[in-house]
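Data block below; observations after.
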């Protein structure tokens, strides 16, 4: 709560800079449009203006400043344009409408959640394997790192096609791409967490004659919970990105990814920006939910005291 | 040391232990011979790194000796552990923050497969033993350091092993609290008659608590002296100001000084 | 496999828009149903290679540009053109007039946006025909891989960009540009036109008479849809809008697109004209240093389906 | 089918060998540490080859490793040009700019608690913007060449770095900072002599994360417009041409470059943070 | 305490210090009056949380008093710090792991702008002072705990401040090493004649080292007793077995016990 005021201040400053930036960013388009509408501008001719300094043009044509905030397809939409679009596509549209961002957000969210669940379960299992088998630890880890250097966007279409060829379509392939991105942070965090009990704690288990599985359930697993949550927060954000990337090669039909893409296909910058913000808001929301669960769980488990 | 008891509870003969490290082998124990009788309170004292912890761990079957023999209750340490012959208390309390005090104490019991009813009964009993009645429902962080360490001792007592091994259990506590816990530990020992192996760095602590003080020399760890205490079993705190006490303390200090190369 | 008998999955090569109106109209108007078919239309996108989907079994038929399909054939994926609803090419280069470009020779030293993803071949053969290098420099053109919109032209990052008559060109005009400010070069007029948006199926599937029969029905239904769309462009545009699940299309834009698309499909009854085919193959074989296809393809099209469908 | 069964048998055999090595006497040797992952990787490759051949997976869906290797060796000039364009010009320059910018921002944030509390939440929000959305915008702003790719990389790298550097600068204990005070040290002295060195493990953690992001960012940005050279350009174009062997050749280059980049930073980390307990042994 | 010296080096009058915490204000020091003369060795002892550290920090201008006055060398603590009036040694050695021992010792000198040549000279000198010749090129983790603590003291000595403030500098070390360092510290004090403020939990340590022992009571920290030691300045280790020593130790223990509630 202490952060509200600083955050608002920073946001206000960003908005200020953003508005200021709109003028030079959009001035050339605005001038061209004004010219077409018959106005006279300081330097006539779009071609002549092409290599001129945008700031210089902006200073020379104060009359067109207002226009830079109201273009239909601006290079940089003004904050209020994005806000209005967000409002119209979330609140004012029925959520079942395909023009509603809530509708598209839900499509993406369902793939995200499924992928997140798959990635988390897979990551935890892999981590358990790595912690308990030295062979797995030595062989899997370097390749898990290498796997993260492969651009998903490049292999996403192949994943979709391969699944297509075995008859799996729709949610699952998207979720798999999303799982591919989220499993890694979970593996790394869980391996750390499962190894976090001190040598002393493990020895203590041995003095009680605990079996491997007893040590796992009563010591390793509870000790790993704080690490797990840290990973989950990274993982859920990665899942969301994965789901969006996964939407591109599925025919960009529905979802925030499709929105972004068709927006960019038709040069609808305002639509892109609002989909972008919707995504970030969704991500922030998901992270906040996990952080909330984290706080409650850790408190109940007695951490952080 | 030679005990009056004919069959010692713990008996080490010619014990050697060498750790294989990357650079070179580290000999932690060399030719250690020691018999501990039933009901003895044996303290181990010696400079840092001399092998006190290693010896205690060998008794508890947490390390494998590389030479010599060691028996606990006449069996191998491994077998003795399976027979739940000892409780082990580490320097830090090491309680699980996600379990209540009662939950912590019942943890080894769960692992050993005690029934629920029996667990509850034993937890109650040991809580009383360490003067923590009524704190079973609290979480570790709600207790002071001294109380936590008492809970940790209770955990090692809960399954009622005959032998209690304690590795610097009070090292992290301040002096006043430590004095108090020393008193409590003595009472507990008197009440239960357990055999106790106790590692410490503090000469007064060793002298105050023990029936026998084992002085060890730096690496490779050997036993340089075993001092049998002439103090009575019943010991008020201010026994520490008596000449007998100071005399033993002096002997221990001399024994320590003998083999000590300052850091 | 009894219900597999009447299902057809069609892979488009771009997102839902009036470019594919015929198929959506056929679906909506029940023309496929009349043929006893259960058709699913799969929209495409910038990350989807329809031949790959076909190879993976994700679709039964696809739409594709002839060069891309022939290249796939050479890569060992035997696709066959079974119908060609588009008679005329809609591909052109759109340039700013104020760059002084009046003929292809003026491209030298200019920057040109080109679609890749298997659609670059017509441009490359054109340039080799003109003797212009595509490596940049004063005597060559600087080629950009164009993204999915007309920004590079509007932002003047490129002097010319690829446009379709029915889509991107309209977007340029929508951005407030007057047609007088532009110069366009239709590939059709330059003799490098390629056959766009043909219907393709896998050769091995066509060996199966049942599949072939299904294709006959599919082509018949599709052509009915196309002809209906040509006759009722506004209704067709509405139908397309109906099927666009992204909600990103505007009615105005789709209506104009439908109008333009109708001009391109007007000359075709669905049957491929072998003369058009030969001309395209010739263009592609002469593609300069790195031709699209290296040998004359065999069996890359069949008239059997359309012959049967149009009976 | 036989090949598929052979693949399974090979898998079991390789895993048996690995388990033997990993639990054997020489498990800590450099050789074992290299051999085990290598055997694992080679087995995966061999299985891939066998399964693709055994099940006759079409080339246009998944080429066999041998085909990819052949393409890789025969296309070195193209791959090299693409690598220079995407990695050296795009990813590396963006990485350097992003890291420097993050340092500057981190110090600003460090000097002002107000800024920290305001900027970090906003930063987390901005970091969640998906690259597939930001890339087209940045291509529109910065043009088709490597500059826009570098810009995408800057955006991707900046916030993870900022978060790590800021966390690292908090790493020193109150005691260490008090000690600086007792010597009457100024802010910059404290920063240079104490807090930056202490932050290095965090900084390198960030640098490692950012290294994998950088190359991916540069490649993905090329999907949204590029000159006709570059790894992302080649991948997207080759998919359209069904030249899947070329696609995979680029992916292999990306994975090798990414891993080497990561590994290189890990090596520098070892040198710079030689004093950190995690680096001391081994 | 009243010193023979007419102008005390450190002088606190009616010192109050209250921390503002979230829940409620915590009064750490109340009405503390103390004068420390030049060349004194003053130990502070008292139960945990009584304000020993807070008082030392106030002298070093690391905390601001909320009432009363404190002067160091006749100036404000702030000004004294700027004038490099004191070296401060914390409980943990707190050496920078990325610097060698010599680099660590020269660090404050760098900060204070000493020339390179002078730094090298002083590092050599102080290394010798704490018996660490030849270890300048080693890294902290290559040294034992006791050697690290000596290096940390060297660091506080290097710039040759008149006052040395030490907050439980040997608290983490084992008893033998501690004894040894105590001896060394006394020698160093004798050689340099510095004024030393020393916080400890150990009664024998306080008695062995100090000219004055300040006993503090639990929160709010007040000074309950200042015991002036009758022991000579020259003190061999076994002075600790003399009756005078035990007598003072007893007084200190009584003073401590008075206000102490066991955990």
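Order of writing sets the chain letters: A, B, C, D and E. Residues in each chain are counted from 1.
The rule is simple: contacts are C-beta pairs under 8 Å (C-beta built on N, C-alpha and C of every residue); 3 or more make two chains touch, one makes a residue touch a chain.
Listed by chain with UniProt protein names: A, D = ABC transporter permease; B, E = Sulfonate ABC transporter ATP-binding protein.
Here the structure is a predicted model, which is why all the values come from computation and not from measurement.
*Asks:* Which chains touch each other through the most C-beta pairs?
*Replies:* Result of the pairwise contact count: A-D comes out on top.
*Asks:* Could you pull out the chain whose C-alpha mean position is farthest off from that of chain E?
*Replies:* Centre of mass proxy via C-alpha means gives C as farthest from chain E.
*Asks:* Just how far, in Å, is the C-alpha centre of chain D (ABC transporter permease) from the one of chain C?
*Replies:* Each chain reduced to its C-alpha mean, chain C and chain D (ABC transporter permease) end up 38 Å apart.
*Asks:* Using CA atom averages as chain centres, what separation in Å is found between chain A (ABC transporter permease) and chain D (ABC transporter permease)?
*Replies:* Roughly 18 Å separates the two chain centres.
*Asks:* Go ahead and note the Å separation of the Cα centroids belonging to chain C and chain E.
*Replies:* It comes to 85 Å between the two C-alpha centres.
*Asks:* On a C-alpha centroid basis, what's the spacing between chain A (ABC transporter permease) and chain B, in Å?
*Replies:* 54
*Asks:* Which residues belonging to chain A (ABC transporter permease) are in contact with no fewer than two other chains?
*Replies:* As it turns out, chain A (ABC transporter permease) has residues touching two or more other chains at 75, 153, 157, 161-162, 165, 248, 261, 264.
*Asks:* Which positions in chain C touch two or more other chains at once?
*Replies:* Only 46-47, 49, 52, 55-56, 147-148, 151, 155 qualify.
*Asks:* Quick check on the complex: what are the chain A (ABC transporter permease) residues that touch chain C?
*Replies:* Residues of chain A (ABC transporter permease) touching chain C: 29, 32-33, 36, 45-47, 50, 73, 75, 97-100, 104, 153, 156-157, 161-162, 164-165, 167, 169, 248-249, 251-254, 258-259, 261-268, 271.
*Asks:* Can you tell me which positions in chain B touch chain E when the two form their complex?
*Replies:* Residues 47-48, 144-147, 174-177, 180, 201-203, 241, 246, 250, 256-257, 260, 262-263 of chain B touch chain E in their complex.
*Asks:* Quick one: which bits of chain A (ABC transporter permease) touch chain D (ABC transporter permease) in the complex? Just the residue numbers, please.
*Replies:* Against chain D (ABC transporter permease), the touching part of chain A (ABC transporter permease) is residues 2-3, 6-11, 14, 25, 75-76, 133-135, 137-143, 145-155, 157-158, 161-162, 165, 237, 240-241, 244-245, 248, 256-257, 260-261, 264, 269, 272-273, 275-276, 279-281, 283-284, 287.
*Asks:* What residues of chain C sit close enough to touch chain D (ABC transporter permease) in their complex?
*Replies:* 46-47, 49, 51-52, 55-56, 68, 71-72, 75-77, 116-120, 134, 142-148, 151-152, 155, 157
*Asks:* Within the complex, which stretch of chain E touches chain D (ABC transporter permease)?
*Replies:* Residues in contact with chain D (ABC transporter permease): 57, 60-62, 81-82, 84, 86-88, 90, 92, 94, 96-98, 107-108, 110-112, 139, 141, 159.
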